[in-house]
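In what follows, a single structure is set out as structure tokens and then discussed.
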Amino acid sequence: MNDQQKTWVLLFQCPDQRGIVAKISDFIFQLDGNIITADQYATARQGGTFFIRIEFVISRDRWNKQSLSQAFLPVIRHFGAHWSLFDKEDPLRMGIFVSQPDHCLFELLYLWKSGELKVRIPFVVSNYEGHRDLVSQFGIPFHFVPATRQERKEQELLAIAGEASDFLVLARYMLTLSGDFLARYGKDIINIHHSFLPSFKGARPYQQAYDNGVKVIGATAHFVVEHLDEGPIISQEVVRVTHRDDVESLKRKGKNLEKLALSHALLQYIDYRIIRYQNKTIVFEDK
Amino acid sequence: MNDQQKTWVLLFQCPDQRGIVAKISDFIFQLDGNIITADQYATARQGGTFFIRIEFVISRDRWNKQSLSQAFLPVIRHFGAHWSLFDKEDPLRMGIFVSQPDHCLFELLYLWKSGELKVRIPFVVSNYEGHRDLVSQFGIPFHFVPATRQERKEQELLAIAGEASDFLVLARYMLTLSGDFLARYGKDIINIHHSFLPSFKGARPYQQAYDNGVKVIGATAHFVVEHLDEGPIISQEVVRVTHRDDVESLKRKGKNLEKLALSHALLQYIDYRIIRYQNKTIVFEDK
Amino acid sequence: MNDQQKTWVLLFQCPDQRGIVAKISDFIFQLDGNIITADQYATARQGGTFFIRIEFVISRDRWNKQSLSQAFLPVIRHFGAHWSLFDKEDPLRMGIFVSQPDHCLFELLYLWKSGELKVRIPFVVSNYEGHRDLVSQFGIPFHFVPATRQERKEQELLAIAGEASDFLVLARYMLTLSGDFLARYGKDIINIHHSFLPSFKGARPYQQAYDNGVKVIGATAHFVVEHLDEGPIISQEVVRVTHRDDVESLKRKGKNLEKLALSHALLQYIDYRIIRYQNKTIVFEDK
Amino acid sequence: MNDQQKTWVLLFQCPDQRGIVAKISDFIFQLDGNIITADQYATARQGGTFFIRIEFVISRDRWNKQSLSQAFLPVIRHFGAHWSLFDKEDPLRMGIFVSQPDHCLFELLYLWKSGELKVRIPFVVSNYEGHRDLVSQFGIPFHFVPATRQERKEQELLAIAGEASDFLVLARYMLTLSGDFLARYGKDIINIHHSFLPSFKGARPYQQAYDNGVKVIGATAHFVVEHLDEGPIISQEVVRVTHRDDVESLKRKGKNLEKLALSHALLQYIDYRIIRYQNKTIVFEDK
């Protein structure tokens, strides 16, 4: 790919009908663009909803987001589509909320530093002040907000996160966020829950897993909705356990699952591979 | 191992205390026996319950089940133990209940025929008559009992299974068994449930999994208790799924999980590797 | 999908260039066809080879294989493409070669009987006569060909398989086929090798795995080429093992892997989801 | 467990024979000790080698390493055993060698800091100076030794590592160590190799995996011996890949495997759960 070409991602959905791929691909062809990858899905053979993710390159000089969007409008209108267009050179701003457990935080900071997690991190917010040194070493602003179950300080959280982030990650943030916060923030929030949802919602999932004598435990990355641990699932990881595992060893084994499930979900999300649809997700995996 | 030696399995549990292993192993040594494998577990570092499974060989001529048990009594009494002694040459009689889905039935019959599943199969009972030919080809008695949700025919089931089997397998038997049946049968019953318990108990678990948009599905082999799908879990298998999987493809993928989880559970069970303890299982895996 | 529509699969490859998707999808649109799914891949961002699999429906009355192919010719020529068109209602004829081990044979017959493996099975050939009853119970012609390492009887095998099958499966056939046989048969042959290739090619792979003290074993389904166990890999399955596993238990655990890897490979193959490219495979997985 | 009790681990091996467990467990019982866990293995049913790992507690005041060892001598002599006795309160000193790739280094430092990896880390040695800041932040001495393929500086490495460490980890150290170094160091060295051994020994294993078109990749933690990548395997991790994965994405996916395989191996090693035997390992897994 030469430097005169710029890469865009189109996410597009509309009622399924004949000719969608033909129309969109022809449109890109007419603009002298080139499709790099395309991935599509329809919820049913007939009468369903059609989704497509197209990654394409096009002349950097001739097209910007506004002009591309403008040019694309007739196609959109023709199909009555919902759509978004993303500039792959313009990384999302990912705000991090985290409580005391630090394994997910560490993983995200490492992946970011090593260049795998291509985001900006405008801030890390925590109700545990002990993370300050770690976060500062990475050159990221740290905000200590001593939120508790009784005093969630959502006003303060919103002031920090509202404008400064494109989406939030709850990297083991142990307080729930109110429906009011979700509504006012108005953007995606991705949480890691330390169980294999829908099993073991809520508090102390490893204790619940232990009490139930399960032989496999899991972790789940999902979008946050108002009902606790019920948002659309993005990714899940699992590992075998035995009768010898006590709650402590479940927690220890679970840490790896949490890191894997969360980082996988984020890597898909920031590459615009996830579409929320009803209470589920469509994930056009990168591999 | 020479022919003059016979292999026994001892399952033993008692309040944890000092010297249990010393006493039992010395006892076997004194009888000129030899421990082949031993696996132990205690529920806590102090004050818990101690479990041990010992496989040992001993002179075929000098000892039989009765005399061995008799000789072992002082050790038992000393520790206030629960225990069982199993003759590895005397395979268990495994009765099979199955409804229309045939994949688990097929797997069990194949494993039995190939010599991996070392049991006797005194009968297969089904409320689907279509299995008669398959079962008969394996030379196993087949009983068609047209049980339904309204008319469970448990009297008839009990007449077939009660005396003739040491334990039962529900290899996708779609009717629940009443508490009364369980009490009167009085022996272990192992069920395969087509979900990752405790998620998706009850009917149509793949539909439930689909509706919840999970990214991993599972199957669970467990002991049957009166509360539906709540008995102690023995083994679980899982596999990744995506948004592209509809209910039909979940069912198809799930078949492999069901076969794996059930056959694994049975292979452990018939080798006396499973101890039920409270609402859980201790599984001394063979590998 | 209504009955007036018929489903086709197009596999298409050509030097990568702008506009391929646009051209093909427009072509299908112009014929009043409708794309059901499309999956594409290019070996490089620029200057590579482009591959696409398109499943589409089109009027049963207006189009048959010949007329469709004819209509498609201008597109083919324009891109200098290799391509194939498959009628999903016309299942492939899968010949089976098998030696004494019966677990893969059993699995294939079961999957075929249950309707999951949508093929015709014109014959099972074995150098072990003991499979005759099993195969006959399924109503499939069985040929006993007492081939040995010294006397491979390839002439006889070819007489049975050459015309009667569209591809062959070696479902644990323990003799290698000569380059001459491969050339004269001239169609795809899929083998299951009981190791994680490229480790442990050739004879007694479980013994090799044991001798190497590996902690994970595998099975590999691959296309057969003249060099033993070196053909393009289609699918691989793995499972953990420990120091406690002897060669016998590796074999036992491996059986499940072999069944899974082989059946997965076949399910992809018969749905025209596999493209051989150089010494590798592109597998457009169904889920 | 009360404070008057101290925990020891005994690793013991001898020619298999009757009465070993009885003798050892009785010995511990006679000293007023209590067995916490025991795990045993024999290489064959008869005439093999017997291995046992016993974790036991015993009076802190009455016994130290010397007196315990002394007391145990008669048992050792009776069986002609090899054995080691480890004090669980006395963590091993783990030296780290690492080249530029930092993912394993990061993981080890994180696990150490979080208290999961119970070792002392006397030094990190690297031929990449860029790790200095990271290592220093953790308060661990960092030595930059600019070793290259031409100039391995093993004298210098030995001066740093020889006395100061109980074992070494090559956490992606890209130079081989000579037989002379191994002999003079004389203690265990654990390496992480970024392939599923024995496939893809030596340089650029992900490139080799890519060229072979495998569908699963792996990572292997093993003891270092003079022949490159041929030492006894401790643990292996694997993950699925597809035709879409290029060498870069294999490397990225492989990082998680390397971290998991290495940290798992180390957690077993430092808890005295690994016995090297011939060219293999016996790993008495903690769960």
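Lettered A, B, C and D in written order, each chain numbered from 1.
One rule holds in what follows: contacts are C-beta pairs under 8 Å (C-beta built on N, C-alpha and C of every residue); 3 or more make two chains touch, one makes a residue touch a chain.
Keep in mind that what you see is a predicted model, and the values were worked out from it rather than measured.
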item: Listed chain pair A-B, A-D or B-D that repeats interface C-D [over half of contact pairs the same by residue number]; value: A-B
item: Contact-richer chain pair [A-C vs B-C]; value: A-C
item: Averaged-CA centre spacing for the pair chain C and chain B, given as whole angstrom; value: 37
item: Per-residue overlap in chain A, given as positions that touch at least 2 other chains; value: 41, 242, 244
item: Residues on chain B engaged by chain D in the complex (per definition of touch); value: 1, 18-19, 21-22, 25-26, 28-29, 32-40, 42, 45-46
item: Residues of chain B defined as touching chain A within the complex; value: 41, 196-200, 212-216, 218, 232-238, 242-244, 279-283, 285
item: Complex interface listing, chain A residues touching chain D; value: 102-103, 106, 110, 114, 116, 137, 241-242, 244-245, 249, 252-253, 256, 260, 286-287
